[in-house]
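The following block contains the structure, expressed as structure tokens.
Chains: A, B, C and D, in written order; residue numbering restarts at 1 for each.
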Amino acid sequence: MVAFSDGVIAIAITLLVLEIHPPHDTSHLLHGLAALWPSYLAYVVTFMLIGQVWANHHIMFDHIRSVDRVVLFLNTVLLMGIAFLPFVTSVLAAAIRDGQGERTAVVLQGSAFWFMDLLFNIIWWYVRRDRRLLAATIDSAGVAAISRRFRLALVWLATGTLLGLLLPPLGVAVIAAFIPYYWLPIAGEIAKVRRRRGRRNAT
Amino acid sequence: MVAFSDGVIAIAITLLVLEIHPPHDTSHLLHGLAALWPSYLAYVVTFMLIGQVWANHHIMFDHIRSVDRVVLFLNTVLLMGIAFLPFVTSVLAAAIRDGQGERTAVVLQGSAFWFMDLLFNIIWWYVRRDRRLLAATIDSAGVAAISRRFRLALVWLATGTLLGLLLPPLGVAVIAAFIPYYWLPIAGEIAKVRRRRGRRNAT
Amino acid sequence: MVAFSDGVIAIAITLLVLEIHPPHDTSHLLHGLAALWPSYLAYVVTFMLIGQVWANHHIMFDHIRSVDRVVLFLNTVLLMGIAFLPFVTSVLAAAIRDGQGERTAVVLQGSAFWFMDLLFNIIWWYVRRDRRLLAATIDSAGVAAISRRFRLALVWLATGTLLGLLLPPLGVAVIAAFIPYYWLPIAGEIAKVRRRRGRRNAT
Amino acid sequence: MVAFSDGVIAIAITLLVLEIHPPHDTSHLLHGLAALWPSYLAYVVTFMLIGQVWANHHIMFDHIRSVDRVVLFLNTVLLMGIAFLPFVTSVLAAAIRDGQGERTAVVLQGSAFWFMDLLFNIIWWYVRRDRRLLAATIDSAGVAAISRRFRLALVWLATGTLLGLLLPPLGVAVIAAFIPYYWLPIAGEIAKVRRRRGRRNAT
């Protein structure tokens, strides 16, 4: 299931670029390319956020020993959300470019990521209820740390979405600020796991 | 072969979103997005059904020990059907949106899934004839249970398709009702297999 | 390298469907869908042929123990050809639909597959020169059998391409006839390998 | 992480073809196809360069034993660049076809590959600082050889980009000349690693 999820995430992240259409008119190409900045912005923010989703997905499932029907179902719904992101990103880019409907587009983008984080929270809440579903490599402190992080994301993304309703650029900024904040500790955790494995392999 | 099939299914499921085109006019974006509801409906139903196809494919091939030329050929035809679904889904969304041709579109969608289930039935019928093709992990009760489920799907999807010929929304509803029905026991079976493996790994 | 090649082949085969555009006008949907038959024909023929390419690729690399710089380069060129097929297929479908340029389109399709088979021949010829590059699981009779099959494909596809220059439908028929012919023995060989492995795993 | 990166690279390389649109008018199909030569040129050059990026990525990560948060972040940025290439290639093809904006398009293409190579240099520089991150299979001569190659690429691609600013065709030629130059030694190194593994497996 992890390999299938990886595939869907890798495809969704790579399809983002198909939503950026090269300028039809090449007579002022530099100008035409510069005018696409909303698409680049939406691309970079969404790409980095999906990168986080991928990293979190791995961390979560590295700690899950067995997958039952509920987890499988929730994961499919999560993938349905991730695979939907190229559309959401395209809408955001169009709204910023036209200077119209940014409110709607930012709320859509924020809600999509909030919805995904909600699924992370539900899966994790479900799994931590039954120790048998969890891998032996994680202790209760680790479980609680992941829960805290997923809950924080819920608040952060909801804040960004609501601010986007008032002032779209602020909403995008708050959602995008999640990238530097979130990236580091999560990646650090992966790194620790990998390092531990590396040491084990080396000995 | 399973990895290749997984790849094709993951790609087909993720390409579904490319058939949803963002509204050209961003001046009433919320309205424009709401008008795309037939696309979202077709996306959700097809995504969840392909999710089932993927789960069933794994269950079936987890129980198949060796693949001969016939199975390989039938699997390629099955993948050809799965890879065709983004087109079918796009046609369904367009028909519902335009309020025209829904009969044709629902029959196309139903037939596509019926055809895939037919291939599951043929592959499974072929494989169960020769015990040597089956893995040792499945007993005759398990084989019969899978056969029953694949046959039921054949009847269910045929019913949905025929009802769609009379009353398109009813056809979509019957086909979509297959998601909650089918998802649970199949996923449960995976879960049991995974749990057993998990235990084996843990001991 | 095999996993990367598998990925490219799986993606190319699944992208074929994106070249089939649903009818814009849904008022006579059944008629509109029927008019797309050239696209379905091109889709089915190309899908099944790529399926063969995938099977052959696996058979070939199952017998190759080590990959040097030449094989890696040739394989990249082969993948470049495979990834180009969605374009070729789209051109073929458009030509049949418009009743114009079929000669060009069939020759393009035939040449594309001939070119791929040429690369199979070159890779295999290069690898069989140096026994150290071959796996121990294949004897000289097996090596010769694969060589014969790859050479036959070269003649068959060249014949289909040239006939397509004279009479396009005949060219398509000859190229398509390669599917039932080629599929069987190749798939049979995979099956034997898998069965042997299955037995080994079972003991 | 390597499997996810492989997936993104495989998808990006296969999406390149979607940027080549078949001629709308099939009445002079051969002429229409010939007129697409800038697209073919951009396709071939980019495909082979991404092939190199893939090979280099494998070589680099074959020598990295453990991945920390910094490497994971830099790799995500690298993938963001690779996934952006279908857009860049499409712009290049359009500029050559229209005979307008080639300067901009060649600089964009060159800069994109230069940026990717910069990330390779940064990742490698970061990793070689701490021997614990490196695999035991590489000695300091090997580390230095890879560093030299990555640095050379930086100079080569910068030269091609700057020449493209003066004379676009020359820029494309210099960047494309990197394919035959770079392909060989890198591929040779993979081959040596694989051969060594092959021997180890054989003994």
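Heads up, the rule we're going with is that a contact is a pair of C-beta atoms (placed from the backbone, for glycine too) under 8 Å apart; a residue touches a chain by one contact, two chains touch by 3 or more.
Not measured: the values here are computed from a predicted model.
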Checklist entry - If you list every residue number at the chain A and chain B contact, are more than half found on both copies (same) or fewer than half (different)? => result different
Next on the checklist: How many angstrom lie between the centres of chain B and chain D, each centre taken as the mean Cα position?
Outcome noted: 37
Checklist entry - How far is the middle of chain B from the middle of chain C, if each middle is the mean of its Cα atoms, in Å? => result 26
Next on the checklist: Need the CA-centroid distance for the pair chain C / chain D, whole Å please.
Outcome noted: 26
Checklist entry - Of all the residues in chain D, which ones touch at least 2 other chains? => result 3, 7, 11, 15, 18
Item to check | Arrangement of touching chains [line / ring / star / complete / other] | outcome: ring
Next on the checklist: List the residues on chain A that touch chain B in their complex, please.
Outcome noted: 3-4, 7-8, 11-12, 15, 18, 65-73, 76, 79-80, 83-87, 90-91, 94-95, 98, 100-101, 104-105, 108, 136
Checklist entry - What part of chain D is in contact with chain C in the complex they form? => result 3, 6-7, 9-11, 13-18, 20, 22-23, 26-30, 32-33, 43-44, 47-48, 51, 54-55, 183-184, 187-188, 190-191, 194-195, 197-198, 202
